[in-house]
């Protein structure tokens, strides 16, 4: 207890949105699990705390999963054991300290059609409701994951085949789901009718199909991007490499998540048909035109603010430079001296370059502002390094509402923009000026109409009512691919660790 | 593959019965999980490859489980995290190399009555049958354990409370089951109507109830033995420390497992109302009267044959000594030189004392003879050490049939006594004479009538027909608290590892 | 062996100079070891494979050392155990797979003046010679480190005190050495008369002295830079916080290593009195004036080429952007699919952004070109991504000679610039043009005269003859803070691993 | 700190003599290191906390060492890496918590004759004195081991070859030393002229020589015992398998350690020409004749008291049985409940069998009594289990003096027999009677004259004056193969841990 005070957790983005999840699948490749491993490696930024791969060899399903980075979890031996020609995988964020094995993805179960594995990016908004209904008729749950609800629905379907059962099941669920699924002979990809989260189809040599949350995974696998899985599509691959698309749900207006552009996806990915890096620079340029600054230098908050800062600098005609140097060797925890050092937590990750900033008027560009505590420390640090003025520019509108579709946002109470005016925020972070990109400007940079994307985190306008949640319920209680600590009807909860 | 040739697995008893399981529970103690840990520690001999503890604190259920010995799995930190005043635990054998997390016991699930945990010693004989039926109506299985079947039956019961649902569920299952179960407010103990496996009730100071497979666990916990859980009894403890016994099934002739006396239980335990050590010495004395030998020395095969050898020596009036010294530092695997050494596998564990045996006529006493390969090596080793004659005596009848009630026996094809005459066995192991205890003599030593115990492994007389199994199906395919690799109706299987 | 083919090592800079070492020390601080830990953390880029800290409490010396990153080696428990008010530390590169514990730094020994610890950045050029001499008079060596030679000289000195003995010892050694040393009551800093490697003095609050290879360590510790340790200076701190400077060697023309500016040091450090980042941008700008390019975009090879690329872009008036995205989650090893993927090794670390580069004429800026193999892959990858032309610019002159003063360079045979003309190199890497900065231009950007720095790697002009080495002997055989596998006079060698 | 209160250390023999060391060597075998591994495995009882192996392949020396049991330290991979045809190894006790790598044996160093490795069983009594002398002339010490002193003497010898230098060196040292040494082409065995500790020569097939502390190692290796290395002998094996014996020291009256028979050696070993098991039974029989008891049962304190108890039972004509059952799964540490349980520490290891002891008069036999605290708990436990009377019998005389020759005994202050009369001890342990074997009776059982063995721990009569130690200095300060924490002349000390 005493000691805990002295060791602080340094998450890759402390005061920030926690990452969500990434999924990948390969069919018909002699080293399927290794290819999925490559994909997860490229998708590591979407979920840095746990990963799992399932592969099928001779109709036998094997899983290897663990906590940590992909490169730590999968060693040669583990990958060799994952034989077979089709495989699916998952990377995820998981609450620190809780390594709930039963929630580890891909989830694996056996039912009358044989073994089945599912990897899920997104979040169902009526999982609790269905779960209560299923429990009333005698279902048991081994995990607290909303994904397990889907497995139950598949198992209870009277349909003969898996694809048909799956179509039945997704008629009952609502929410965000980009899924990759495998059984003994097939791989299936599913994307919800809103298309909240991305999911793309690529081709390896000889036309072997691969699936991944982002196209940067294809680059590492040596695959070619073919197309996005369409909102509402169920793509069945197999048993004999044949592919067929089902659309079991009525067509709807899709609402892909605009935040994938702002923060989540890698700049070298194409997401929802557009280059993420291009959009980020456009966001920065648009920001420069909306909120210019009399300044000498544009400095990004690395690494997330870099592309927008380049766009801003270019738009504003100002020099761009790395006034903050990031330490890339940051580990999971860091031992703090008890004699506290000013802005210690931020210093571990970022160091200001005095020679660049002393005496200068600096524009600091970042992609979002969550609680504001980190930005306060950065602004102070930059001023301590001699900056004459600090102008903070954020490449999206103020974040005011939590996400129910798979992004792990803090509760509204913790979102500074939901509780303070722009002026108050500027005051709090200590900047000389503060500018957020407008909703309109964001859509212009992205190249879409207002309403074309889900932008609920900026507007509170939810395309799909979250029935599981009360007003402003947050992801901390029920979210992502699985809350660790679901309160039971009877008032209880399950938790577990494994040695 | 190549290297594998050179490293051999040294299980504590290689050519032997693999251990079964042990269970324990504590209710109303401020350090419940620590007390269960002590119990598992004392029960380690019943299952040396995996262990788990579940505890309940503030209606929240936590599990910690792992593979290895109890002392390795549960460190201070893990035990501190397992707070609360009631707790259950499990030790088990698990197939080497497969650390199927989903089969780890206690099994935990959530259903409409809240979270529930079960630890199971024994084996159901109609689990497959029920499982197929449940799958047909849409149940999903996360493990291949027969115990999960029980959880489904409890969940599907319309009964309001857990005790009632449990009573309903056990009306459907058949087989061997000594169970400890906990939910948010209760601990429940169940023993099948045949009473195949032991389960005892003890008291800590202030009358706090504890449950354990053997009484040696009470000794370490500082508890006093009160009584055995009766065959067919469902003992409900809680919510408020009240205790009540239910007997939901029609009374039956019990058949406790006689093999618990011969091999499984610790000599310092009382099992089924009798001292195991006393019985083992009586088995040895009876053996001496049935199969005397003209010899100079009685030598046990350590450690399992020690008590019977003492009984034999005393009965025969011969000196007893440790002619075979056991190496207690034997690890999980042992690196074998490629230049093979005579009787290497046995030498790692046992070393003959030449000064004791040279020129002597030796009676070698062991408690069982499974495949005969190990005994062949031991007899040769003892002769190499100079013994003039070697007379092998086994303190039970020939083992001819597999067990379906929770003991992991080899298939009939591998049981030497099912496939060879006594004379052939003697010839094979190279002994000068060989004597097995008679069925009658065994019962006399135990102090019971023939038919009072389950002695099916010696007689083939099964008190309960194993419907899941074909003729002579073995535990390697479906057994213990869970086969790792259950073939699915669809022909598939699940397997998993965790990093 | 077979498997080894499939797992490739991904060092942070594969085809590159391996890092050298970093040292740090603290005196008179209640959490001395924790402050040294912070310093090592900031110096991680100077040696990413091993680290160690020694601290002194109540005249008792303790060491904790290990392989891996600083944050992995030093956990709370280890740091708590390193009590006391003075401490020294070391980060280093070590040959993969060989974790020679006896070479771990700080080296600790005991001699007649008590225990002594030394951390060394640099390389002695006459260590072998002295070692042979010492062995002839009966010295024994526990490691193959050149640093151990220094310890022997100190031990054999007749001088009474440590500072005097140290002064005697350094009269015998030649080479590059920035040392921090501690005994029971003092910390001593030493810099060789050529001043090859940096070493700076800073102050914590209350004037407590700290020492570190680079000033970025002071930033994280919350210390203020005071001055560089002068070439040839022996700074003795203690026993009672008094500080005195000795200059035991005749004054010489210093030759600080110019490569510290080009590659080694962090851009936010001040080294040899100048800002590293400023110099790197100046190198880029100078490069732009010497080797302009008709191009659309300047793209750095991240991370080392970023500052020079910004300078180049600014100098050339061209847009700057991250056309290559770096994956920061790269682990130590990476499992390669056996079905080889084009440019796999580079792809794991870098991914080209097609949308930025397609159809464009790209200037690729990096800080050095060692074997050329990596640059060949990058150029091909950039062309595959659609770049119309690729113009490679290197922010220093061609590297033609190995370093004997502590930088782990490949042998001359492996240095492409030592074996090929510029035209041939351009041809090999597949670039449309190739430009290296001139020696003169490099000095102009650095702001010094030719001859003021050691630039032997570019000129072959060694300020100090390397007597231990034959012509072009390389660091692979005897270098850094210790080769792992020193051939003995008798032809033998020592190697060790630890479990 | 707080938590530490709750986890207790369970050493295999808590209140007991800590084990000493074991050594082994092999020459001319294609799998030399694997054979040494087998030997260490068999010698595990002589040192259970650390082990190391050195092998030589192509004149290159490799070491693998670690803490823990032999089977944990040496995995397939580590053994494969230890190629070559000659090898030496060491097992040792090491102070808990201090894993001083630099003290790990075999010690390896390089000197002018090339690399050299030494494994040492025993303790030098003038190491400190020589060390001080060597430090005065400039030697440095990397460890606190007395063995390093020997290496320095070898290095400083002017003799050309290693055997000659070694002969010179051992002329300077005094104390107990059974050594195995290897350089690039030889294995050398040395036993001090007093022959304190055992060391035997055996032969593998084809006459390949092997060396080990006890003959039980030969049994596992498949080797044949040939002879003991003689006191004062230096046996040189190699370079080309030739063997020659040197006797560089004047012949002396040997004094082999009688305690090897009483406690250390395995009962299946031959030591100093006699069977250890035979002697232990003789000690028990002699004890029965000296201290008979009116009793019903003879019970050993397992495992060390078993052989003597069998001898006692046989001598006294009383039945022998295991009234105390030992738990062999005891791990390194054990988590204690905070609500303390009576005699907890002993209960973890031993459980009394009530059915055997209730109402009986019990003779408890053990091989030694150190502090008496454990025996006090055992006697109380046995009485709690219902024993009517408890008669304690110890199979050696009272232990009154510490050992300076390699056995880790407590200081005199902690030896109960050095501070209390027999009557007081009986009172303290709570026994109804207490009998120690007489000095005379011990020698009779061993079959030797008084004075033939070193029995200093029983008599205080030291064959060799311990100049390094003051009166009653204990092994805690300077002992075994190396104290961890040697106070320096200057008052300091070295300590280290490794991550």
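Order of writing sets the chain letters: A, B, C and D. Residues in each chain are counted from 1.
Definition applied: a residue touches a chain if its C-beta (ideal position, glycine included) is under 8 Å from a C-beta of that chain, and two chains touch if they have at least 3 such contacts.
Worth saying up front: this structure is predicted, and the values here are computed from it rather than measured.
Enquirer: Give the fewest steps needed to get from chain B to chain C, where each step moves from one chain to a chain it touches.
Expert: Shortest path length, in steps: 2.
Enquirer: Quick one: which chains contact chain A and chain B both?
Expert: none
Enquirer: Which one of the chains is farthest from chain B, going by Cα centres?
Expert: So the chain farthest away from chain B turns out to be C.
Enquirer: If you average the CA atoms of chain B and of chain D, how many Å lie between those two points?
Expert: About 37 Å, centre to centre.
Enquirer: Calculate how many whole Å lie between the centre of chain C and the centre of chain D, each centre taken as the average of the chain's C-alpha atoms.
Expert: 47
Enquirer: Counting in whole Å, what is the centre-to-centre distance of chain A and chain D, each centre being its mean C-alpha position?
Expert: 59
Enquirer: So which stretches of chain A touch two or more other chains?
Expert: Answer for chain A, listing residues that touch two or more other chains: 72, 74-75.
Enquirer: Mind giving me all the chain pairs that touch?
Expert: Touching chain pairs, listed by label, are A-B, A-C, B-D, C-D.
Enquirer: Report the residues of chain A in contact with chain C in the complex, numbered from low to high.
Expert: 3, 6-7, 30-31, 34-35, 37-38, 41-42, 44-45, 48, 69-72, 74-76, 79-80, 216, 219-222, 266-268, 270, 275, 277-278, 281, 303, 306-307, 310, 314, 319-322, 325, 327-335, 337-339, 341-342, 347-348, 351-356
Enquirer: If we count contacts the way the header does, which residues on chain D are in touch with chain C in the complex?
Expert: 56, 59-66, 68, 72-75, 78, 81, 101-102, 104, 108-115, 132, 135-142, 144, 151-152, 155-157, 183-184, 485-486, 488-499
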